[in-house]
Structure formats: C-alpha cells, structure tokens
Amino acid sequence: MFVIKRLLFVLLVVWSASTITFFIPRISDINPIRERFAELARLGGFSAGELEKIVESYSKAFGLDKPLMQQYFDYIGGVMTLDFGVSLNKFPKTVLMLIAESLPWTIGLILVTTILSFVIGNLVGALAAWPLSPKWVRGVSTSFILFQGVPPVLLAILLIFFVAFKLNILPIAGAYSIGTVPDFTFEFLLDVARHQILPGIALIFGSLGTWVLSMRGMGITIQGEDYVIFAEHKGLSSYTIFKDYYLRNALLPQVTALALALGNVITSAIVVETIFGLPGLGFVLITAIRSNDFLVIYGIVLFITIAVAVLMALVELLYPLLDPRVRQGQE
Amino acid sequence: MSTATLELKNVSKLYRVGKKEVHALNPISFDLLGDPARIITVAGESGSGKTTLASIMLGLLEPTTGQVLYEGKDVSTLSGSQYRDFRKNVQAVFQDPFAVFNPFYQVDHLLEVPIRKFNPGLSKAARRKAMEEALEAVGLQPSEILGRYPHQLSGGQRQRINVARAIVIKPKILVADEPVSMVDASLRANILEALVSLRENHKVNILYITHDLTTAYHVSDSIIVLYRGSVMEAGDITKVVESPQHPYTQLLINSIPWPDLERKWDNQQYANPDIQEISGEGCKFYSRCPNRKPECQQTPNLVPLFPKHLASCRLHPPKADLDAHLTNNL
Amino acid sequence: MKISKLSIALLAITTAFTMLTTSLFAGGHSLAKVPREQTLVLGWSITSPIGVTNPFASTGYTHQEANNLMWEGLSYFGIFNDEEIPWLADSMEYTKSDYTQLTIKLNAMAQWSDGTPVTSKDVVFTFESQKNNNKLPYHANFKQFVDKVTAVDDKTVVVDFKMPAPRFKFQVLTLKFDTGIPIVPAHVLSKVDNVNEYEGGNDMPHSGPYNLVLWDANQKIYDLNTDWWAVKAGRISMPEVKRVVMFNIGGQVGQGMDVVAQRVVNNEFDATLDMRSSVIGNILRQNSKVTTHSADKPPYGYLDWWPNSLWVNTQLEPYSDARVRRAMSLLINRELINEIIYEGAGIATIYPFPLYPGLEKFANSAAVKKLEAELQPGLYDPDKSAELMKAAGFTMNGDDLWEKDGKTVGAVINGFEGIHSDIVPVLVEMLRNGGIDADINFGTDAYQNMADGKAGLYMFGHGASLKDPYTALELFHSRYSAALGTTAGSNRFSRYSNPEYDKLLDEMAPLGGDDPRFQELAAQALGIYWRDQIDIPVIQWLHRIPYNQTYWTNWPTIANPSLGMNGAFWAHTGMLVVSTLKSAK
Amino acid sequence: MINYFKRNISLTIGLGLLIFLILFTLHGLLTVEFKQAYPLAVRPKQPPSLKYLFGTDFFGRDLYTAMVVGVWQTAIIGLLAGAAGTIIGIVLGFISAYFSGLVDVVIKFICQILTPIPAFLIQVVIASSIDKRDVTIITMAVVVFLLSWMAPTLVIRSQVLSMRERQFVAVAKLSGMNSLEIIFKEIFPNLLPFIAAAFVAQVFQAVFASFYLAVIGLGPLREPLLGNTIWAAQSQSAFFNGWWWWPVGPSVAMILILGSLALINMGLDEMANPRIRNKE
C-alpha cells in the first residue's frame, strides 16, 4: 500500500514536471526547427529561399503543426513510456539515446563527488558539534560552513586557471586525453580519473558546506538525547560514543536529505561539466539550450526529475531498514 | 431543581489511526453542579482518557458522541456573550508549567489576557492590581514575577502563576490537569492548598485530574477511576480508597507505599498487560485481572454497590435499590 | 554496518560502475596506434549527430565538422590566388556564350573509396536530387536555373539552364568557404528510401582522403586512405597526416575560449576555430611555434567572406525612416572599434562584401571612390546624427534618449553570443551615447526575431559575394522584401524594396562580373545602398586561426599561399589544407 | 543583547559582513557615476590602480562602479524574490494550517509534488524561453521566485501546525482569544525567527539561482550583474589574456554575499531552534 502510494506520488511529480516543461516554452513563439536551420544557414551551405518550406515540412514531421492539446497528450503519453521524442539537433537520434550516452559520465561524477562530500561534510559537521573535539577542530570544521557561499561554478573557473593553466599539473578539460581511444584498459581508466579530479573537487567543495551545516545542527540535537547521555554514563570510550551512538544516529536523518540534495548536485554538475567539457548530461543540456533543441531540454529535465523523485521514494522506502526506530513505528 | 452548570451527556471520544479505532473515552455522563463547590478527582494511569475527558469538558475537543451542556445549552452551539460566559466559568490549570507560557511574551501576558477579555472595562492600574493580588494569593512576590520571561522563572513559580491565572478569572468550574506532577514535592502542598482555598473562598468546582491517589485522597471529595477510557469505579473518596471494589482500583491502591505501617505493600503478581487485548466487548481490565471469569468477556455496567460507591465489575452483584446515576454518587 | 566500511564499499561500487558503463558506451574500439607527430589535432565545437556522414542528411551533415575530409567537389577555389583548382572534374566550362549551358568533364581516375569509379551517373544523381528534393540546401538554385542534366558519356555531363546563369558554376558547383555542393555516390544513395534521413555511418563510400574510424561525443578520428584516387591521378602528393583527430571543445559556458587557447599553447591542438584578436596575440606571445595567416603581425588572420552589418528592418517604425538609419550609422565610431576590439587592425568596413582581389578592384574603382567621397558612408558625427534625428521628429528626453510620441528607439541588437559578444556591447553603447535606446540580445530567439522582423536591429554577416558584388547587392532586391508579419529568408532581413534599385540588379543579372556595364551598374547600386543606408556596415570578418608548427608546417599563409585556399580546416577547402601539411620532423 | 551576539558567532560575523557590503554599496551608490558601469566609459583593460580601484574591463567599464551597481542589482533580485517567496510562504502556510482539511491537503500536496523538481532546471527552461528582449532585473527575480515558494510554505505550515498543538494556544483559547487573535498574537510572534530564517534562505536561493543563470549567459546582458560580469570575462578569455582582476572581483563579492547569508541563516537557525544553541 505504502509502495503504491509512493509510486503514484512519483507519477504525479513526473506529470507536473512534464506539464510545466511542456507549456513554459510555448509562452514564447520560438520555432526551434527554424532556429536550427538558421544556424546551418549561418554556417553556410544553405541557399535561403527554401528555408521556410524545409522548416514547414520538418514541423510536420515533429508534429508541431498539430493542435496544442493534441501535442500535449502525445507528449505526456510519450513521457510515461520514457519516450522523450527525437532530438531536433541530432536527428535522428532519440533523446533517450542522447541521455544514455551521456549518463554514465554524469552518474560517475555525481556519485563519487556526492558520496565524498557526504562523508567528508558529515564527518566535519559532526566534529564541529561534538563537545569533546578540541576547540580548534571545532573552529576549523565550523568554518567549513563558509563553503556554502562558494558556488561550484566559481571554484571550477578558479581551479582551471590556477591548477590547470598556471601549475599545469592536471588536464584542463575533456573526459580523456585527445586521440585516446576509449577501451577498458587500466591506462584509459587512469586517464579518465585524472580528468575527473578538478571537476570533482569543484563539486565536492561546492556541496560540502550544506552537509557540514545540517550535520552540525543534527549533532547538537543528538547530544541531548537520552541514549547518548546513557552511553556516556556507561563509561564507553569517547571514540565509541562518537562513532556508534552519536555519528550513527545523527547520520540517519541525513540520508533522507541525500536524495533531495541530488537535485542541487545535478544543478551544479551541469554547469561544472560544461565548464570542463565533460560529455555528461549537463553538457548535452547546455548544448541543447543553446541550440533550442527543446525536446532534448524537456527530456533531460524530466529525466533528472524522475531520477530525483524515484530516489526520494526509494530512500523513504528503504529508510526503515536503516533506522530500527522507524521500522517499529511503521508496523 | 437547579440546572447543572456543566453536564456531560453520553460523551465519548473515538480516534481513528489508519484502520485502527482507539476508544480514548467510552460514553460517560455526569454533571458538575455549581453548588456546593466540590473537588472531584479523576484518576487513572496514562492513556486512561483523563486528559481527553478534561479537553472535552473545556470545549477544546469535540466529542465523538454525546453533548456537553453548559447551563443547559450545548457548548458547541454557544456564541456571543453565552460563549464568553462559558469560557470565563470553565477554566483549567495544566500540567506542564512551561508549555502554557508563550515564550514570546513576559509572564504578565498569561494573566493579563484573561483579565482584559473577561473584564473589558478595567483600567491598566486595576488590571495590574488584580494580577498582583492573584500572585500574592498563591504566595508569590509580584515584583519578582511581573516583567519576567517564563524561562527566567522556576517551575514552581510558573505553576503558581498558572494557578493565579485561575484565581484572576474566578471560574465556576476549574479543570486541574495534573497540576502538581511536574513540580517539586516541596511546592505541591502549596499549590494544592491554593486550589482548595479556591473552592473554600470562591466556590469553585474543581475537577482534579491525577494519577496520584495520595494527593487525591487529601484534597478531593469524590473520585472517578478511569481505565482505558472506561469508568472502573467511582464514588466518595474515602469509601473508594479505603475499600476499593474493582480489582483495578485495588491494584492502584495497593501499589501505593502508604506511610501507614499497618498496611502491607501488596506485591501481588498481576497478569501481563500484553497477553490478550480485548477490543470492543468485555471488561477493559480483563487481560490484567487476577480474578477474571468467563462472563467478564461481556462488558460490565457501572452499578451501585453501596451508597455513594459505584463500580463496573461482574464480580460484584449490583444493589438494585441504590441510585445508579454517576452524578448522584459523587 | 560501520559507517566507514559503508562509505568505502559505496565508493568502490561507484567507481566500478562508472568504469563499466563508460567502457560499455564507448564500445571497446581498438585502433592502431598513430604517433603524435603523424597526427593532426583540431579543436572544434562538434554539434552534428554522431554517425551522420551523408551529405544529404538534413539536420546532421555539415562539412565543417571534418566531413569535408570525406566529400569532394567538382572543383575548389583558391581565394587568395583567385584561381580555380580542378578536382573531381578536369574541366567545367560554359559551352554557350549566354551562360545557358555548362559542360563538365570528370577525371578518369576519380573513384569512390570502395573502388567504384566516380562517373557522370553520380553527378547527374547529385544534381537531380538537388533539383527534386526540396529538403536539400541548393534546391532553390537548381529549381530556378537548371532545365536538364544529361550524361553524355561516363565522364561527361551537360547542364542546360533555363536562363543565363553566369554565377551558377562558381556559386553552386565550386567548393569554397562554406558554399558549393559535394558529389555523392549514386550507387549508395539511389538505393536509400529517404536520403534526408540516411545517416551514412563510418563506412559510407566517399571520394575524399580520410576514412572516419571513430566518433564519440568527445572526438572524431579519421585515418588516411592510402588508396586515395587524387594521388594516383597526380592532383596532389600523398598526404603526410596519417590521422586527424577533431576534438570537441563543446559549447562551454560563455564559450570559454581561454581553455582552448591554453591547449594550443600547450601544443595539444595544432589548429582550432578562429580566435578573438586579443587572445591570438597572447597565444603567439606564449608559444613561439604558433603562427597565423599574417604570421606574428596584426590582424593575425585573413579576411573571411562574411562582413558583418548592423542589419536594419527597413519596414519597422522608426527604422523605416532612412534618416534614422543614417543617424545610427553616424553614431558608429569605426576607428574606436578598430582600436578597442581589434587592437588597431583595420577591420571596420563600409562595404557589404569582403575585399577579395576582384572586389577590392571594384571598391577602388573611380566610380565607387567618387560615391564614397560624396556620401561618406563611414563618417562618425554625433552632431549630424542629432540633426537627422530632430529632422525625423525626435526630441531628447530626460534620460538623454531620443523620443517620439512617447516612445524611444527600442534598439535591441540581436546577435550571436559565441561570435558577437565582443562587438555588440560596444555598438550598443555607441548607440546609447547618441540617444538610441539600445540593448543586447544573445538569446536563442535572435534568429527568430530577425526572420519574423520583430526587432529592428540584427548583427549578421553577408555570406554572399566573393568575386563580384552582384550576390551581395542582390540580397536587397525587392523580390526578397517580405512584408512585416511574414517570414524573411536568411540574409533577407532588410525587407528593403526600391524599384529603382531592382532595375539595376535585373540588368546586372545576366552579365559577367568583368563586363564594364556590370561594373557601372554595380557602382550605382552600391550608391543607393549607402544613400538609403539599407543596413549599417560595421566590420569585415576575420579568421584568426592559430597554426601550431610544433608538429605540422606548410600552413597556408601570406608568405606561403600553398594552393591559395584559406586556412580554415572547417571550410570546404579544409581538405586541401590538411592534405598539404608537412611534418615538422 | 551584546552577550547574545557573542554567543551566536555565525550570526555576528554574517551580519557584520552584510553590513560591510551594505555600507560598501551605499557609499558606492552615492559617489560613483553610474555610466561608468557600462562600456566605453573609461580606458579599457587597465589593471587595478588608485584611479581604477578594481581595474577596468575589455569594454571599458570601471569595475569598481560595475561592482557597486552589480551588488545593488543582485540585492534587488535577492530581496524581491526572497520577499515574494517568503510572503507567499507565510500566506499559504497560514492558510493551509488555519483552514486545515481540504485546503491544507491541496496546498501541502502541491508543495510536495513541486519540491522534487529541480528548480534550477525549470528556471533555465523559463529563462531560455522568455523573449530575451524582456529580460530585466525584475524578470530575473520573477523567474527565480516562481519555483521557490514551496519550501517556506511547508516550513511555515508545519511550524504553525506544531505551534497550534502547543499548550499556550489552548490557554489563550481558554483566556477568551478567538482564532484570528491566536494566530496573529500568539503563534505569529513565535514564528518570527523561522520566518526570518526562511527569508534569508530564500534570498540566498534567489541570489544563487540568478547568479547561475547570469553566468551561463541567461541574464540581462547589458547590466553589470555580478554573474553577467563573470560571463563577460569568461567570453573574452579574461584569465588567458591576463586580465585576472576582471572575473576575480565579482567572484569575491559573490562569495562574500552568499557567505554572509549562509552565516546569518545558520545564526537564525540557532535562534529559532534552541537545541542547536551553543552550550558554552
């Protein structure tokens, strides 16, 4: 019952997101197909006269000549079957194919950086709130909260300049070295990893502050809980209390925040990917925005929304397994 | 025949949690008469429905069935001056001496609002005077109290302000919901005394809600014992405490370490409360009762056993010639 | 589970997952290793769909993204030598003096990469497709001019025109810059149901020197076809570049060219797309191996065929008033533009065409010089501008902006972020300083606004004339003057209409460019262009391409014109640039 | 009061930073010539000096003036979007909690459904869909606000709901207050720290989002908004050309603004949630 409810909820989220993404672009009368052909014309190679006829015939092919509501229902129907349509820009590639090609890069970057920033951020946050940590540790770790004010995009720009330009110790951009042929060798993987370091750092530090802040708050709350006080009185070592009672209990609610944070991480990843020229979802999205490839824009926005909604639902479903208190409460 | 000041008619409360139904309060009827002023204890462990009963009487909670009548009129339909009259005359002292204070305001707020609302004509000085008098009546120094924020005062001080609030309003009926359970023992007598004097000097009827039979025995005239939403036993306080008829009341009284050395502290083993839950039909105490019998699986009625003494237990045959109405037995 | 163990486990799982998926999607290719000194690395923004190599594929194919290495034309044009370079065709001549018939003779050795010879069948198929398929880019030209295409024999094709077509051979059949058509293999495409949707893929038979061997989102890799017909036919010697890697520099935020520039400095790229003048100067300063078309001297590049004007919608109030257009032109300080944006190089222009040899001759002709002195098209004079605005009924309002009937001149300049983000902000400010309420729009709706005629001003090039001014001047013919509310074609944003002007153009149409009468008429038409300020010419367009000589030399420059082609590897002639590079070792 | 500031260090530092920024901007607004924030006003490409405190850019803007105007415009966007989001949040939150029943269910449901949708993506879609000629500071604020009112609504709603269960509300009722009085006189004052925190969080979000939009070139391009300046510096390859002062100034300003807001937010959190108060 609970599962079905969550599933319905995810469907509703997807429906509202797709409705929003469908209708917003219609408030302007940009014809993306014409824009695309105009760009080709600008690059040369098109004599202009027949452009409108070409645009017209393609509008028909993409169903843009149908009544708005008809388009809407077709679109919603497609979304529900993960059929986001075809790319105008990269026709005949489908949006789903584009997502599938770029997704591994994004997932790789986001997963690694999210986990690292989650682990580091929560540890630092816990130390900031832990009354037994030395004063300077608390001071230093609390100051990590300031990273909240540093947008990853700025970090990315600065890292490229100082680390890649000036020091020249890490690759400037790209997913792997020029001319390398992707295959499953150790060298290639090492090459990929080297290229992920700077974007990774930008993302990790960009999202660290939030974790430190919320963990610190959580930690202070937990300190007052009976079981921590009880553990103290039992005479357990402070390390054990920190790890098993304090950290563990404070961390659990943070897990729920993880899914929601994913939305923000993706936002940052999009811009960071673009700056570093990593061919992930964000790169594809920004390219699509720049070329008015609107089905790709919708597709990626929706895909990310679905991912976040599903992950949130999953976390909610799995949470009782992590926290015995909730498990009991539910039965 | 004077009208009852507050009359409960078949009042019950049912909570639905998902598919589960929880009877917080089974139908109960009784009146609180304006005169003579009395102190009635409602006793029971947590979850017995005491606080639900109090909330319903105060008009803070809608009953699922039945009616609460104030001076003969349904409380839920009152409006205008009638409502204000009800509000003024049916008041409460709550358990938690911190939660009743709005942390945003100085403690004066708690006393000032009812004065302004119920005596709209008073000047500022008169209001101040009323507050000071009430504070003094509960043994507080007004200068030490007024202008302070709640967190700057001790629990005992706050609870006495709480009582002072009742004094300021001078209601006809006061529901005191565990007024001393969160206060230092040394201050309890002080607060209870204040309550008793309200009855003595201002003719206030008090419904004293507690799980503590000792204090109940000291201050009240009669008692209602609740268990899981149902009345187990009721009647004159002395009769009930000294010769409890219902096994549950017996349990309660025997588990009190009475200072009386003659009495033995009964350590009788009671059945595990978890073994068998009877929902709906049957005696609520069935699963824990050491004397349970098959017929106990049918709900017993509250019946008179002695004058001013009722109980709902199938172990005792009712005395048909006695008045079965709860009010008349209190 | 312990927190630490949990996180380590999660990390390991993620890393493994990433690696697995990456390799899955990359698809386990294995290519022979080619050393860096035999590899040419080009930096370019690749937008076309992966795998689309078919020149007839509609939304995908573009010669600019290294597909010019696969597809060849009948002939090429070396702009700086002003000279035709015969290629698939040995010759291509008008065989009637009124330009109504053209005879094409193909090279006997020409063949597709699968061994099939290139024959007249392929040429006829290419031409017939353009004529009959309205989704192909030159459909309009073929429909307007071509009557019939006949294969006389295996290697000879005759094209009969409906009317004199003196520019058809050069404009449509010769590959140069971004125009002209490549010849496609009939034996492949005639079997395809819908040629517009056929991708082609890596293995499509083609005639050019390089085979596409790998294409992912990051890069396209081409390897040399050592069996290339052009070598055997003696057109060219065997190219030294064994492998071409076109690396996708992507559409970075703000089109961050500094990353690209730094990679040139680091010798990662051998050449890239063109740079801003400040950037190219810094590249040269930081790496002495890098050179440009004009060596290490400004303007560090060569003239492109795309001079940019501030196009004006001549039908929209208040731009319909020629005085307002002229007033705006008078506010443009072309000297200052040269100074702040182009480091002193003389880029600012008064012509709607590039000053290539033929056109420079025209611009320097006595008739044109006389008109220039008379009309002063390049004049910067705010006072005169103010006079004209007053004469047009405008008054200066409290914000120092011209106003008429309570409305300022809402002059939003629509431009393209990647190429115009240096010049447009400056133009906006120049107009504002003269009281025109100007602003910037680099949005993706810029083209739409131009085409729909919603806005008044657009920054855009004239991709037209190369040899004579006809095509540039013809852009303003009334036949293209779409009414407001209807859509204007590309390069037809002026919506200008003037019978006097049309008459001149109609008379010029059947004449060859070197005809004296043609020159006379062209000067008159240019005079009207200046007098009426049909648009406001601003700058010539330059290509400042860095040529890195660490691995490759013999780039086409002023000192070493090679075949006379421009150095853009993305132009149709880019194939010749790549094929003639010499190893630096 | 002073003692409280001593205890709540993050609030103190945050407010200090904010006051510094406000003074900087106010002083700037009174002394600079606005025209110098736009191109062709001063000698281009000059490094920081006494004459040009923060240097000048490629287009000939004085970057000190551009910074003053940029911070001011950023503040307008932040305050407008923040205030709009918070007010909507308060109104909907109170309506939801006060009327309960169907109204509450609907409002809560809409908020919950919209929450998982990554707002920035939608903002990008909106910003790239509206007619670019209409992009101004105000439209930026509107775009940013459109999808950011749910969080304050949910926070205020749940706070009102939990307040309503508090005993002092029951007491107020017994003391003769009616529902409206209870909401405004008893509940509302206690929500002030939450509202302040929600407001600061909203402003933070708005500044952040508008900054991102501007950095990717979706802002009002002529204005010297901080993000726009960075966008312009990036597109003219400022770092590569050695004009490091061009992007660094606005970056530092943005970090200071966001940092001060984050600190204030944390300080207010401590104020609103006494358990997080430093136990010293």
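Every chain is named by a letter (A, B, C and D) in the order it is written, and numbering of its residues begins at 1.
In the analysis below, contacts are C-beta pairs under 8 Å (C-beta built on N, C-alpha and C of every residue); 3 or more make two chains touch, one makes a residue touch a chain.
If you're wondering where the values come from, they're calculated on a predicted model, not measured in any experiment.
Chemist: Would you mind naming the chains that touch subunit A and likewise touch subunit C?
Modeler: Touching subunit A and subunit C alike, sorted by label: D.
Chemist: Counting only C-alpha atoms to place each centre, which chain is farthest from subunit A?
Modeler: Most distant chain from subunit A: B.
Chemist: Could you state the distance in Å from the CA-based centre of subunit B to that of subunit D?
Modeler: About 51 Å separates the centre of subunit B from that of subunit D.
Chemist: Let me have the rounded angstrom distance from the C-alpha centre of subunit C over to the C-alpha centre of subunit D, please.
Modeler: 44
Chemist: So what's the Cα centroid distance for subunit A and subunit D, whole Å?
Modeler: Inter-chain centre distance comes to 22 Å.
Chemist: Could you work out how far the Cα centre of subunit A sits from that of subunit B, in whole Å?
Modeler: Roughly 57 Å, centre to centre.
Chemist: Identify all positions of subunit A at which a residue touches two or more other chains, and write them in rising order.
Modeler: Answer for subunit A, listing residues that touch two or more other chains: 28, 30, 153, 160, 165, 271, 274, 286, 289.
Chemist: Which positions in subunit C touch two or more other chains at once?
Modeler: Expected reply: 253, 256, 258, 262, 417, 444-445.
Chemist: Spell out, as numbers or ranges, the residues of subunit B touching 2 or more other chains.
Modeler: none
Chemist: Among the chains present, which pairs are found to touch?
Modeler: Touch list across chains, by label: A-C, A-D, B-D, C-D.
Chemist: For the complex, give me every residue of subunit A touching subunit C.
Modeler: Residue positions touching the partner: 28-31, 34-36, 38-54, 57-58, 87-93, 100-105, 107-108, 111-112, 115-116, 118-119, 153, 160, 164-165, 168, 172-176, 178-179, 181-184, 188-189, 192, 243, 247-248, 251, 271, 274-275, 277, 279, 283, 286-287, 289-292.
Chemist: Taking the complex as given, what residues does subunit D use to touch subunit C?
Modeler: 38-40, 44, 58-60, 128, 131-133, 135, 215-217, 221-222, 230-242
Chemist: Can you tell me which positions in subunit D touch subunit B when the two form their complex?
Modeler: Going through subunit D, the ones touching subunit B are 166-168, 170-177, 186, 189-190, 192.
Chemist: Tell me, which parts of subunit D touch subunit A in their complex?
Modeler: These residues of subunit D touch subunit A: 10, 112-122, 124-126, 128-131, 208, 211-212, 215-216, 230, 234, 239-240, 244, 247, 251, 254-263, 266, 269, 273, 275-277, 279.
Chemist: Spell out the part of subunit C that touches subunit D in their complex, as residue ranges.
Modeler: Spelled out, the residues of subunit C in touch with subunit D are 253-258, 261-262, 276, 278-279, 282, 336, 340, 412, 417, 421-422, 425-426, 428-430, 432-433, 439-446, 449, 455.
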